[in-house]
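Shared between the two complexes below is chain A, which pairs with chain B and chain C, respectively.
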Partner chain A sequence: MTVHTRHGDASDGALAQAVGGRLSRVDGPAKITGAAKYAVEQQLEGLAYAALVESTIASGKVRVIDTTQAEAAPGVLQVLTPDTIISLRSASDWFGTPPPDKPYCPLARDITFSGQHVAAVVAETFEQAVAAAALVKVSYDETPSIVDLSDAKAGDGIPVDAMTKEWGDAPAAFASAPVRICAAYNTPREYQAPMEPHGLIARWEGDHLTVWEPSQWLDGMARTYAEWFGLPFENVRLVSPYIGGGFGSKALALSHGAIAASAAKMLGRPVKLVMTRPQTFTGYGGRAATRQTVTIGAGHDGVIQSIVHRGVNETSIDGMWVEPLGSVTSIMYATPNFSSKQNVVRVNSVVPGAMRAPGENPSAFGIESAIDELAYQVGIDPLEIRLRNYAEQDPHARKAWSTRQLREAFAAGAERFGWARRTPEPRSMRDGNQLIGWGVAAGTYPVRRAYGEAIVRILADGSVEVESSSIDMGQGTYTILAQTAAETVGVPADDVVVKLGDSRFPRAGVTGGSRLAGVMTGAVHKAATSALDQLIGLAISDPRSPFHTLQANTLVVSNGRIGSPRGDGPEVSIAELLKSVGRDHIEATGDTMPANSTAEDRYKNYTTIAMALPHTEGNYSRHSWCAHFIEVRVDEDFGTVRVSRVVSALDSGRLYNPKLAESQWKGGIIMGIGQALLEEGVMDRRHGRIVNDNLADYLVPTNADIPDIEVISVGIPDLHSSALGGKGVGELAIVGVAPAIANAVFHATGKRVRDLPITLEKLI
Partner chain B sequence: MTKIPIHLDINGHRHELQLEPRVTLLDALRERLGLTGTKKGCDHGQCGACTVHVDGERVLACLTLAAQAEGRTITTIEGLAREGELHPVQAAFLEQDAFQCGYCTSGQIMSAVACIREGHAGSDEEIREYMAGNLCRCGAYPHIVAAVRQAALEAAS
Partner chain C sequence: MRDFSYLRATSADAARQAAALPGAMLLAGGTTLIDLAKCGVAAPDTLVDITHLKGLDKIEVNERGATIGALARMSHVADHAGIKSRFPAVSEALWQAASAQLRNMATIGGNLMQRTRCPYFRDPSNFPACNKREPGSGCSAIGGVTRGHAVLGASDACIAMYPGDLAVALVAFDATVHLGERKLLVDDFFLRPGATPDREHAIEPGEMITAVEIPGSAAARRSTYLKIRDRQSYEFAAASAAVGIEFEADGRTIRDLRVALGGVATKPWRARAVEDALKGKVLEPDAVRAASRLAVEGAVDHGANHYKIELAPRVVARAILKLGETV
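Moving on to the complex of A and B:
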C-alpha cells in the first residue's frame, strides 16, 4: 500500500488543485527523497535470491543440464531445471482465450530463441546465486535458426486477414494516377529499456500467493498467476506501489515470474528474482522489426487518389505478435481508394511485445515519410500537402471525428516554429559546415476506452481517501485522481490520499494504450459524486445535522466546508458535520461498467482486454492527434545528426494536469528522437543473438542529445472520449517524431533515409 | 567466500557489516541496509541510477565494492534532506517536474548536487554534458536541466 499525504511544492498555488490544474506530483516527495519503495525493494524476512540461466543457442533442444557444481556451491538452496521445477497449468492469454489443457513449464527444453530461461539457481544471497548460476552447464542439440526478417529462411510469412483494410480500387487508381511514388520503410527491433529492470518478490502463505512486482496491470497479472498455480483469483495479491518505467513491457506476467513463484513455493521462503540488464533484452519482447511499402498515387495538385500499403512484422516461432502497420495509413489522409495488408514472419526471437504506441508508431514512419516524398515530387510544401489531403472524417470507419484539432496543431506548431521561413530546396539552409533541415510530420493514437472501479471515502477528519488497483508508472495517476476527488467532493487536493498498486483495491484494467487516465478519472468522479451525495443527504436528513431544516440541493461543499451557496445560514467543516451526525466515515464505490453487468462481466473486464470499447463505437471515431516540427543539424563532413529544435502541438483533448501531460509528451518526443537516430537491436548472425543487450551499446538518448522541446496543447474537451473530456497522452507524442526527423534530414541533406535509425554511415 | 568486517559511514551513521569482499556498495545499501533509495538500473556503470557521493564526489555504487568505501564518507539520497528540509536540488526537481517514474531520480539528484558543486552548471549546454551519465528513459531531460539551472542559481545567490 502506498500513501502520499501532502504535497511538497510551494510553487503550486491554489489554482493547481482542481482538475486541469498544474499540481506537482503528489508522489514526488517520496521519489525525490528515496522513500518510495518500488516492488522488489520490500524488506522481507528470510528472503532468498534467484538467478536465471539462459540458452546460448537460438534454436534446438537442451540435451543435458549439469547442476552438480552449482548445487555444491556455497549458499545454494536449490537449482531449478525443466526436470525439477513444479508443474504449472497453462494460463489464458490477455484476450481471455481459454488455455490449452496441458502443463506449463517456464523453463525451456525446446529452444526457440537465444536468451530463453533454461534453469534457475536460488541461494541465500544475491552474490551466491549469481556465482552459482555461472556454474550450471547446459549442452544442446542445435538446429539452424532464423535470425531476423532479412534471413533468407524467413520467407514471406503468414497473412493476417484481420489487418486487411480496403475500399475503392487502390491498385487500379494507383496505376492511372499522374504522380506515383513507391518506397519501402524499415524499422529495427527496438527495446522499451525502462530504468527499473523487471523482477519480483514472491511469497506464499499456505495457498495464498503475494507477488511484489512492477506491473501495468495488477488484475491481469494476478489472473495469470492464479491460473498457473490453480488458485482462486482472490488468493493472489499483486502489489506494485511504483513502477520504474514500463512503456508497454510490464503489463503481462512473464516466465521469470512463474519461475520465482515456483521457487518460493518449492522452498517455502520468499524469493526475489530481478533480471540483469542483458536479460531484459530477451526475457520479454521489445518492438518487432517492421517492413512497409507505401505507394501513393496522386494528382499534380498533390491530392491523393490511391494508397496501397503492405506491411510485415516479425513474431516468434511459437508466439503471435501483430504490430498493426496500417493503423495510421488508413486514417491520416482522405483517399478514395485504399488497400492495406499485413503479414507476420516467424523468427527465432522472444515474442515481441507492446512498446510505446505499438502499430501507430511504425505505421506513421511509413505514411508520414511517404507524404513528404510526394510533397517533393509535386513541388508542394510538406505542410500544405497535408492540409490538401486533410481527412474531414475517418476515411476507414466513415464516421465523424469526435474531435480532431490537427489543423489547429499544424497552425500552432508552424507559427511557433517559424515554418514560413523555410526554404524548400534540400541543402538550402546551412550554418557553417552544418546543414540545417526542417521537417514536419503528424501523429495520432486511438482513444482506447475501458471500465474502472474506485472507492472514495470521506473520513472523520474531513480528508478523502481514494483506492484503486490501477497504477502510476510516472504518468501521474496519483496526482490526477487526487485532483478529481478533490474537485468533485469539494476539498483541497492536499486533503486527498490516493492509494494505488494493490490488487486488493477496486479493480482496474490494463494501464496501456493511454486509457487509464480517462477510465479512472471517470470512476473516481462517479464514486466521489456518490460520496458527496451521501454527505449532503446526511446533512439534510439527519436530525442532528445543523442543516436539518433546509431543503435538498441547497448545500455545497467547498474547500472542505459545507454550507449554503449564498453564504447565509450555518457553515461547518466536513469533520464537524460527520461528528454531529455520529459518522466516522462515508464510503462510496463507483464504477463505469454498464449497469446490468454480471460478476463474470466484471472479472472479464478487469482481467482481459476483451471488453475494451472500440474507438469507432457508436457515431464517432476517437483519436488524439499531433504535429511535430523538428530542426536537425547535419555535419556535412561526418554525417552526424543532431536534433536542435522541436516544437510539437498536440491534441489530447482536455488535460487533467498540464504540468504532468507536458512531461509525458516531451518524454514521448525524446523516445522518438532515440528511435530516429540511435535505437537498434543488432544481431549476431552466427548465433542468432542480440549483441548490444545493455545500456552502453543499445543507445538511448542522453541529456546531451536533447535540446529544449516546446509543446503546445491544442486540445478541447472531448466528452465522446471520456467522462471528463480527455483523450490519450502517453502514447501519442512519439508517433510522428521519427518521420519528422527523417523528413528534416532529407531537407538538410537531400538524402532520404528509409531505414531507422538514421546513422551517419547512411548519410556519407 | 570468507566474510570480512566492513565499516561504512553512511549519511552520518556508522554501520558495522560482515560482508563477502565481492559485495558491491550498491548491494550493501539495498540488500543489507534497507537503503533502497539508491537504484540498480544496469549493474554495469552504464545508467547512473546508483550514483552516490563518496567523500563528496559522485561515484557509481554498482562499480564500487563496499570494501572500497571503508572509512570514507558516503551520502545517499536518503541523507540529502536536512532536518526534514528538502535539499534545493530536490525541491527544484519537484517544482520543475524533472522526473516521471522516479527510478533514475535519486541518481539524477545526486549527480546534480555534485555537478553544481563541481562548477559544471554554468550553462544549459554544460549541464546537459555533465548530466549525460544519468539516463532517464521517461525523457525528463529538459526538466532536469531546468531543475539543475534553478538550483545552481539559488546556490550562487
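Moving on to the complex of A and C:
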C-alpha cells in the first residue's frame, strides 16, 4: 500500500472521521489563522518580564555579581542572584527517585558549563529586562574545562552497567571469525531547535501556582514545580494548549522555569520568561555527542558470528544522561555472540537531553553503517546481507516479536526504489559531475507503553467532549482522539471537541517515546465506550425515553442518531434523547490502569516514567520497524551531498490516521537528513562554548534540501502493543536515515564517512 | 533600556545630514542592522529610515549598462528582465542569497554594507575581543572556530570573511558605487582589514549609497554566479565565483574573462591572475583547471578553513567551463 500525501483530495470525508481515516488536523485552521494561542501568549494583568544572565565561562566559580547598574536601570523590578533568589527544595527525577534533602538553587555559583544561568532580571517590559540583564556584571574564577569526548582530560568515563548486554563469547568468536570489521562512529551534539522557544508565564494566587508553558508532560512538570516549592501536587496547574515543537526537549521542568516561578512568587506578580534562540542551545540539553566502536566478525557468506560494541556518550559534570547506544545493535541482527558496553563521560556541558529517538538514533548510525561495511568486505549486496542476518526473534530478550514487518519493509521499499538496478561498485553510477549513490539502512524504535485517563462527555446538543491532560505538539493528538471518540460513540468527528493541555484534566504520562497515541486512544476508547453504554442504558431504561416501550436489549448510535440495530422503530438524535430523559449531559472517565490501582499508583504513573511497561514485558518483544532507501548525488569536485530520492517503508502497526502518521514519518526523515548532512554544535575548544547557537549558523534542512519523500506503510495491527493495534510512529522514521545516507555516500564516492555530519570538506 | 530615536528622512540630503551625526545610522531593509542591534553589536542612537525616499529604487538597464538604485530590493533586482538577460551573474548572485523573505526586505545599498558573519563578532557578551568591533581588543577567531573564515586578504588583526554574494558579481564586472556625486569602483569601496578591520567600506560619515552602476559588456552578458555550500539554500557561500566570458569570433578563444570569488576572502575578491592566464587562450578544461588554481595564490588557512583553498579553484573552473559549454 502506498500512502502518498495528496493535496486537495476528498479524504476528509465521512470515512476519514473514523479511526484509521485520513482526517486533516483539527487544530490546523486555528494554527494557520493565528487563532491558536500558545502558552506564553496569554495576556495577563500586571505581567512582568524576566531575562536571564548566563555564564560566559565553562568551568569555575562566580566570584562577584555586580547588580548595581542593573538595579538602577529603568523599569527594573528585581535582580535575582544565587544570594537573593528564594530557596527551593530539590525535586525528584523523572523516575520518581526521592530527591536529596538539600536546597535547590536554579542560579549557579559553581559553573559547570558556558551558558549556565547565573542571574536574572525582572522588569516592567521585555526590552527593559533585556537591557538591564546586559548590565549585570559577573566576574569568575575560571578553572580548566573538559571540552568534549576528545578532550585529553575526559578519560574513559564511567561504566554504565545497566547498559551491558552480553551473550555467547563475543571477543573469542570475533577473534576466530574469517571476516572482521572494526570501525568507530561519531555523532556530534545536535539540538532539537523547535520553532517555538522554551519559556513560561508563572502566576501565583496564594499558595496556588499556575504555569503556562509549552510542555510534553503536564503532570510530570507539575510534580516538579510542586516539589520545588513544597506545594501539594494539586496546587500546581500547568497549561499548554499548543506546543510549537518539542522533539524531546519540553518534557521536563527546567531551571529557567524555577527562576521565573521564583521571581513571580517574590514579586507577587505574574512573570514571563522566554528564552532567546541562543539560550535554547545552552539552557538545556540537546542530543549528547556519542562515539561507538562496532566490530563484527562474520563468515565469508556474510553471516554474523559476533558483534562487539562499545559506546560512550557525553554527560554533564553533575548531571547524568545515558544515551543507550546498544539499543539497536542488540536487536537488529541475529548473532550467537554479542557484547555491548557503555560509558558516560563527564564534560563541561549542560546535561544532554532527549531528542527524537534518543539511543536508537545514534545506535543505528553505528550498526547500520557497520553492516554496510561488512557487505562490501564480503561482496554481498547491502540489502541481501541484512536479510541473511534477519533476526527471527528478539536476539537479546529471546522472545518472539509481537510483529516485525521489516522483511516486508525491505521488500516494499526495494521494489518501489528500484534497488535491483543498483550497480554495487562505489563510483559506478554518475550523471555528469554528480556521483550517484544508493544506500539502505533499517531503523527501529521500541513500543513504550504507559497509562492515561480521559473524560468523555456527551453534551445536551449531542456533541461530544473529550478532556485529557495529554498534549498535542503537532503530532495530531487532538485529531486522533476526536476520531477515536467519534467512532466509539457514533458521532461525526466534527461534533467532537477535544480539550488538551491543562493539568486539571484527567491525567496522562509523558508525550515521549512515541507512546501517547497508543495510550490515549486506549483511554478515550474506554471512556467513550462507557459513556455510550450509559447513553444506551438510559435510552432503554428511562421511562421518558422513546425506546422504553421497545424492551430492546441494545441500541445503536450512528452519525449522532440513536435507533435499533435493525432500523425498525423510532430514531432520534442524541440531543433529542437527552432532552426527553431530562439530562444535560452524560459523563464517563476511562483509564488504562490496572484495575486495582491505588491513588499512589496513579500519581506515580502519571508523574514519573518508573511505571512504564517494558517493551519486552510478557511473551513478546514490541518494536516499530523501518527500512530507508536513499539516493544521494555528490558533486565530485565540491563534495556537496544532496539527497535526491527517499523511499521508506515503515511498520508502525495500525495507523490511527495515515495522513498524520505519514507527516510524522516524513518529519523524522527530514530531521534525519539534517542530522546526516548539516547539524552539529560547533565548539570553541578554548571557551568550551558552542558558537553556532542560532538558526543561521546551526543548519537544519530547508525545503530545497528535501526531495520527494515516499513513505509506505507495511504495518499490521499489533494488539500486543496497544489497545487499538498501533505501534510508535513519531520517533521511528529518523532512526536509520543517517546511516542510509552515509552508506549512499560511500556508494557514490568510495569514501566512508563515520563522523556526522557529512559536510563537504569531508569529501573533497 | 536603550532608547533610540527614529527619524524618517524626507530627502536624500536630510538623510545624509542626519546620518552624519555621531550615533546615527541609516536604516534600509533592516535585515542586517536590526539583527546586529539584537546581537548587541550595533547600538545606534538614531535610526534614519531612508526607505521612503523617492526615486532611489529604480532599476535602469540599457546597452551601456545598468544603474540600480540603492533602495531597490534584492528580489526585484534578481527578477528584473534586463538584469537577467544582460547580467545573469548579478541576478543569480541575488537569488541565491539569504531567503525569499530577506530578499523581499533587503536593499542593494544595505546589501553592500552587510557585515561579516564571524560568530565572535556577533557575540560581544561571550567574546569581548574583536578588533572589528572594538579596535585593539584582539581577535577571538584566530585559534578558534575558523571554518567560515577568510583564506585570502586577511591580516593579523582580523580574518573575517566577507559573506555577501552580490558584491562579488559587481567586482567582477567593474561596477561603481555612487555615493551621491562621488563614485568609486566597488572593488575600491571594500577595504582589506589590515590594521583597521573596523573600517570595512570607503564611505565617510554623511555619505549615502545612492546607486550601483554596472557597465555593460559581452562578458557580463555571458556570465554566471556559482555558489557552493552545504545547505542548498539559505546559507552563505563556502566558496563562490562570479565569472563572465567573451570569446573571439572563433567561439573558442577567450577575449575577455572576469573572475571574482566569494566566501573565501575578506572582501569580494577579483582573481585577475586567473583572467590574465586565460585571456587569449583557447578554452580547454585542463588549462582552465590549472589557471583556476591561481585564484587562491597567496592563500593562508587557519586549519578548519583549509578546504576553501581546495574548493575555490574548483568552483572557478566549473563556472568557466559551464559558460564555455553554452558556446
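In this text, the second predicted complex is superposed on the first by the 749 of 764 C-alpha atoms of A that agree within 3 Å, B and C clash if a C-alpha of one lies under 4 Å from a C-alpha of the other, contacts with A are read in each partner's own complex, and residues count from 1 in each chain.
Rule of thumb we're sticking to: contacts are C-beta pairs under 8 Å (C-beta built on N, C-alpha and C of every residue); 3 or more make two chains touch, one makes a residue touch a chain.
Just so you know, these numbers come straight off a predicted model, no measurement behind them.
Engineer: Look at A:127 in the shared chain and tell me whether it touches chain B only, chain C only, both, or neither; answer first, second, both or neither.
Structural biologist: Both partners.
Engineer: Let me test your reading of the model: by the given contact rule, A:701 touches which partner, first (chain B), second (chain C), both or neither?
Structural biologist: A:701 sits against chain B and chain C alike.
Engineer: When the two structures are overlaid on chain A, which partner does A:34 contact: first (chain B), second (chain C), both, or neither?
Structural biologist: So A:34 only meets chain B here.
Engineer: What is the contact status of A:114 with respect to chain B (first) and chain C (second): first, second, both, or neither?
Structural biologist: second
Engineer: Touching A:686 in the superposition: chain B (first), chain C (second), both, neither?
Structural biologist: Only chain C; A:686 stays clear of chain B.
Engineer: Applying the touch criterion given at the start, work out whether A:653 contacts chain B, chain C, both or neither, answering first, second, both or neither.
Structural biologist: neither
Engineer: In the superposed arrangement, does A:642 touch chain B (first), chain C (second), both or neither?
Structural biologist: Once the two structures are laid over each other on A, A:642 reaches chain C alone.
Engineer: In the superposed arrangement, which partner chain does A:667 touch: chain B (first), chain C (second), both, or neither?
Structural biologist: first
Engineer: Decide which partner touches more residues of chain A, taking chain B and chain C as the two options.
Structural biologist: B
Engineer: Answer with first, second, both or neither: which of chain B and chain C does A:74 touch in the superposed model?
Structural biologist: So A:74 meets both chain B and chain C here.
Engineer: Please identify the positions on chain A that touch both chain B and chain C, taking each partner from its own complex.
Structural biologist: Residues 74, 125, 127, 696, 701-705, which sit in both footprints.
Engineer: Write out the stretch or stretches of chain A touching chain C in their complex.
Structural biologist: Those residues of chain A that touch chain C are 56, 73-75, 114, 125, 127-128, 130-132, 134, 278, 433, 635, 637-640, 642, 677-678, 682-687, 689, 691-692, 696-697, 699, 701-705, 757, 759-761, 764.
Engineer: Could you pull out which chain A residues touch chain B in their complex?
Structural biologist: Those residues of chain A that touch chain B are 8-9, 11, 24-25, 27-38, 41, 43, 74, 125-127, 192-197, 242-247, 274, 276-277, 473-476, 659-660, 662-664, 666-671, 694-696, 700-706, 708-709.
Engineer: Going by the contact rule set out above, which residues of chain C touch chain A in the complex?
Structural biologist: Its residues touching chain A are 1-2, 40, 117, 119-120, 123, 125-127, 143-145, 147, 228-235, 238, 306-307, 310-311, 314-315, 317-318.
Engineer: Which stretch or stretches of chain B touch chain A in the complex?
Structural biologist: 1, 20, 22-23, 27, 30-31, 34-44, 46-47, 49, 76-78, 80-81, 86, 90-91, 93-95, 97, 99-106, 109, 124, 127-129, 131-145
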